[in-house]
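Each of the next two complexes has chain A plus one other chain: chain B in the first, chain C in the second.
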Partner chain A sequence: MTKKHNRQMHAKKYIIWAVLFAAGFLVCYPIFFLVIGSLMGQVELKEVLGPVLSGNGGYVNFPFMPLFPTLRNYVGVLMDSPEFFVMFWNSVKTTGAILLGQFLVSVPGAWGFARYDFPFKRMLFTLYILLMMMPFQVTMLSGYLVLDNIGLLDTLWAVILPAVFSTFPVFIMYQFFVGIPKAIIESARIDGAGELQIFLIFGLRLGAPGILSAMVLGFLEYWNLIEQPLTYLKDQSLWPLSLYLPNISLEQAGTAFAASLLTLIPALLVFLGGQEYLEQGIMAAAVKE
Partner chain B sequence: MCVYNSNKRKNTFHGLFFILPSMVGVSVFILIPYLDVVRRSFAGAVSQTFTGVQNYITVLTNPAFRLACKNTVRFAAVCIPLLIVLSLAIAVFLQRQGPWGQRLKSVYLIPMAIPAASVVLIWKLVFDRHGLLNGILSGLHVNTMDWMNTGAAFWVLVFSYIWKNLGYDVILWIAGLGTISENIYEAARVDGAGEWNLFLRITMPNLLPSLYTISVLSFLNSFKVFREAYLVAGDYPNDSMYLLQHLYNNWFRDLSMDKMAAGAVLMTVVVSLLVLLLEKAWGKDIE
Partner chain C sequence: MKSLPEKRRSIMAATSLFLCMMLVCTFVSRAAASVTVPKVTKSKPLTKVIEHRVQLDGNVVQNRECAVIVEPDLTVESVYVSEGQQVEVGDVLFALDLQKLDEAILKTSQEIEKLRLANEDASSQQSITDQKQAAALARAQEDYDTATAAGNQTVDDAAQALARAQEQLDAFYNDAENGSGETEREDTVREALQADLDQKKAQAEALQAQWDSLSADEKAEQQDLENELESAKADADAAEQAFNQYEQQQTSQKNVSDSEKETVLIEEYETREKAYQDALNARDANQTTANRAAQDAKIGTPTDSTVQTNEMDMKLKQLSLDRLQALKDQGGKVSAQVKGVVIKLNLQTGGLTTQTAAVTMADLSSGTKFVAPVSQEDAKYLSVGDTVELTTASGGGKITGVTISSISTDSAGSTASSSGAGTAGSSGSLENAGGAGQETQNVTVLLPQGELTVGTHAKLTFSRQSERYPLCVPMQALHMDQKQYYVFVLQKEDTVLGTVYRARRVDVTVAEKNTELAALEEGGVVEADEIIVSADREVEGGAAVRLTDSKGGAETGK
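Presenting the complex of A and B:
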């Protein structure tokens, strides 16, 4: 290869890097945006957002730094808006209950599919995959009918219970459980371990990455629930944060910024802490069974 | 023989024991009520008597349904190929770039963690008539537009879908790329094949199985843009981004059970068919 050619290759590579980094910045910009906005004082926000608020002349010109950073907005959200706490607590309760329920139901379910043979297993598993692929709109009405029948509409259970029986975590964990070597299980059996014991000791321990993957994916999904609470909860005091935020008017932009960031933080922490499992979980869905 | 049979029965018993809670829940909350919906789709809303395919005719001739269908199909047809090509290009490049490639890959994944509710505020301020984007455009002396209230709303939706799913698809492609053995490339390089040739002759054919799963997953994720769309623009957004999800939501609010039932069944059929067809189409090429 000639020197000139080599130099060209390098230049090309740098350009690609530059574009990719710029895209990376753009992708994360919403987070910076929220941080900056939440630290602005009321006066500054009014001025910056003026064009959108008043609707006449000029454009929003968002600075890279607030002029006079202040934590006022956070104080406002945390001290003076009790509804924020109610909704935050609703989100925590809903997400927590769903993940706990999924753990109790889907982990054994995935174990059953992965380690045992029974009649119609293939058919049943295909049905699970098909169910996991259906958009919410398909089961929207049927969910409503059954929840209405057992009188759970307008309670948090209306959001929790159908999600607990989602087949998606079963599918994800199945991919991990199948990979546990048969020899380990067989030798435990020969040593006289019972099936439940094998599940509790080997399944939970060796399948832990799979369980965590499903939980991380689940958290990000359920912290962000929109359709289900919107459909099944009329009582606004039961709403999760995800439905509360858009209702804060732009007049209270400071509150909206701070509340948006506070909603983002738990999801971001789970993302940073569980990133490895998140990536494994995403890949598990792509493995051809 | 006898031992084998009792073993088999034990196996069945244990397996069923483990999946029983899941199966009961799925039946009670999803399957049985869904069968009821299928029944309702053939019945009158009030009378509950058998009306044949009347509900389906009502739905299929409904102008709102046609508009929503057209938009949903157009949305999928535009954004899925775009996302797939873009994420593949990034994955191919990042795969061999060591730690910085890894880091950048994680950065692209961050939008997965950002709740739709948190970005609503930003979307409102960026895409407003007097918003950030128009500010930048007017600074560059490019024509500004009212993004959310014109046909441009469709492209805002495409952008938010790509933003949300880019990292997800990059990860999937990198997983697919990782299954291709480096030896094949080495051998081809020795034979004097150029990088572009390597990509066309080795990378592409080997990625076909991944292409199937990635297409399906991208398609399924495309239904979730409703979250952003709904939170930013409400029940009745600009016509260009009025999706099936909006329509179902509005039917639900009006308690049009008959239309919803027929709509749900239609959607089930279309989604199942698409997934199966794609599998068939890619399956042939793989063999």
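Presenting the complex of A and C:
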């Protein structure tokens, strides 16, 4: 009976593996496609992508390996286009500023929501959730007018400030802060710690997974920001990397692939770095007192 | 699986490495861009005047030339001058061989004499021809008269004979009609014959009757009756025959004599008539012949202009003779008539003179002029009457205030400018024949008397200023692409890198240009445009450019 059971277990495992693998492959295929494409020369790319991008019918027959691999695209992006780097540092600046701002603004907010009671708390929280759910397009126009009135249009602050006061990280951190056992806080209070001390020592340390997961999610979101820069930034020298090639034409396909891949790397690194926090955070949220 | 801190560390390391790499690449890419982007200098179009300086190199040549011509085919004994030598009035240029000169004189006079004699021959021939003609005419006239007279005579004679014959014939016919007495004489013979005939006939008839009365049987018995009958018939026949014969004979005799006569007369008449006709014809023929002869005699002789021709030749030869004689009087030496410089000698010692000029001289007394070749392009800026400046190459000095007297296409020195030695400021003749399609033309400037000697090299400078043009750019800024001029205009553009300059190609038309400036026409660039004047590498339309550091540094944004 155990053998059969074992075999069943193995089979199940394999089936699960297979399904997951298939799903994973489907998800990863675009990245794979990017990598291969970025190593192809222009002629080959034209040939391969012609049916799609030039409007003549037919199907794309994308090979698994480039026939004549070349690093030309990477050289072109990294060495020959200063614009890429201008945009890259713009993205870095923007994302860094946003994350810093969010840390400074959202963390106390979430802590407050989590640990304290005050009048209209429920209403405020509901408002926060509402705001979180509203897509950017809804608030775009009003945001534009406000920024114009303030005079921040066409500066990076137009992108940074609205994002800093985003309600999403509040919500995530709130979940984590709520999970901190009251007992520890109480005992700390009894021991004579002030609110700030409690916040700084307990809140930040114990809620670190939450904060970091919010940061990671935030990074992933703000590294790929497209709509806000397009709407609020007219000066092209302020654009982030996500706007490097808004239109991909047949001639630029190779460069686009290489640029996309390079854009992907920081996000990948951040995710890899923050992955365990995400896991921890999710796990921690599941554990309720 | 790595522990958290280790993993975190490695991720941090990777991230910082990535960021460093990006930083490095940022600098590298900018460095690369700065190398490939051309550095340019710019300027705005200015309002300027385009000055055209024309500098021409030329020579001073004589204003007038003269030629020394002598009779051809004379032997040159010696030549006393050489090309380029200056001679005064009266200097001997060359000497001719006297012997040959005498021979030439003799030959010419002999030729004249020959022509004269030929003329005399011709005129005598003419008079004789005339005489012959008159004589022929007279004779022809005589022949005519003679022919007429003789002919008339013959005709008259023939007419008379004809008339006589006619008379005879008429007389004969008249006799024939009136009857004849000659027939009575023959009656006796005729009667006898007739009687004989009758008798025999009667006899025959009687016998015949006798015979007929007999019956057939009896006819067979009566043989000798038959024979008698037969003979009687025969006799009768014979008698009849004889009678008839005699009758016939008489008649025919009568007829013969009549017809003979008639025939004879008729023949004679016809003969006379024929003779008359012949006489007429003969007379007419003779008259015609004589007439024709007369007409022929009247036709004149063709004209002969030998005399006039010879007289013309004689005149020419006489002139030649006079010249030769004059040379002889000079002793065979030819001297210069004007003060000048020998340009060309067409003589060889010991050779023969030719039809063309023996010596060509520059006539110094008529002044000098400066001639310079000018290309079509430069010629555009010069026109007759412009004041120019001449500088001698040897530094002899400047001559200012002289004007261009002509610009023409024919070779140096032969332009017909009639204003002699021009004084400062005078304008010359208006001969401005600039031939289209010719590559070089010649500019002539008349020089004042005594200024420069023939053969001096000099430089002509002239500058003309055009009108003020509002859009002038340096020549460096102008580029050409298959006959279309264009300039690059700086255009500011907002890119990711900030404000960068781009070079925009603008096609222009050039109104006027010299070596430094080009004046552009409206429609291409405007005054506010900044034009790229020079670049350190080739600029293409639409390419990014940056200004050189001296003008404020690169304006690329971060």
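Criterion: the second predicted complex is superposed on the first by the 235 of 289 C-alpha atoms of A that agree within 3 Å, B and C clash if a C-alpha of one lies under 4 Å from a C-alpha of the other, contacts with A are read in each partner's own complex, and residues count from 1 in each chain.
As a working rule, a contact is a pair of C-beta atoms (placed from the backbone, for glycine too) under 8 Å apart; a residue touches a chain by one contact, two chains touch by 3 or more.
Model, not experiment: these values are computed from the prediction.
Chain B and chain C, once both complexes are superposed via chain A, fit side by side.
Of the two partner chains, chain C is the only one touched by A:Glu83; chain B is not.
In the superposed model, A:Ser237 makes contact with chain C only, not with chain B. Once the two complexes are overlaid on the shared chain, A:Ile16 sits against chain B while remaining clear of chain C.
Judged by the touch definition given at the top, the superposed model places A:Gly151 against neither chain B nor chain C.
In the superposed model, A:Val270 makes contact with both chain B and chain C.
Of the two partner chains placed by superposition, only chain B is touched by A:Leu49; chain C is not. Greater residue coverage of chain A by touch, when chain B is weighed against chain C, goes to B. Of the two partner chains placed by superposition, A:Pro181 touches none, neither chain B nor chain C. Of note, the Cα-centre angle with chain A at its vertex and chain B and chain C at its ends comes out at 100 degrees, rounded to the nearest 10. Remark: least CA distance from chain B to chain C after fitting both complexes onto chain A is 14 Å. Residues 270 of chain A touch chain B in one complex and chain C in the other. Chain A contributes residues 16, 20-21, 23-24, 27-28, 30-31, 33-34, 37, 49, 51-52, 55, 57-62, 104-106, 108-109, 111-113, 115-119, 121, 124, 128, 130-131, 133-146, 161-162, 164-165, 167, 170, 195, 199, 220, 223-224, 226-227, 230-231, 241-246, 250, 253, 256-257, 260-261, 263-264, 267-268, 270-271, 275, 278-279, 282-283, 285-286, 288 to its touches with chain B in the complex. Within the complex formed with chain A, the residues of chain C that make contact are 4, 7-8, 11-12, 14-15, 18-19, 22, 25-26, 28-30, 32-33, 494-498, 556-558. On the side of chain B, the complex with chain A involves touching residues 8, 11-12, 14-19, 21-23, 25-26, 28-30, 32-34, 36-37, 40, 90, 93-94, 104, 106-122, 124-125, 128-132, 134-135, 138, 163, 166-168, 171-172, 175-176, 209-210, 213-214, 216-217, 220, 223, 226-227, 230-232, 244-245, 248-249, 252, 257, 260-261, 263-264, 267-268, 271-272, 275.
Across the interface of their complex, chain C is touched by residues 78-89, 92, 235-237, 239, 265-266, 269-270, 272-273, 276 of chain A.
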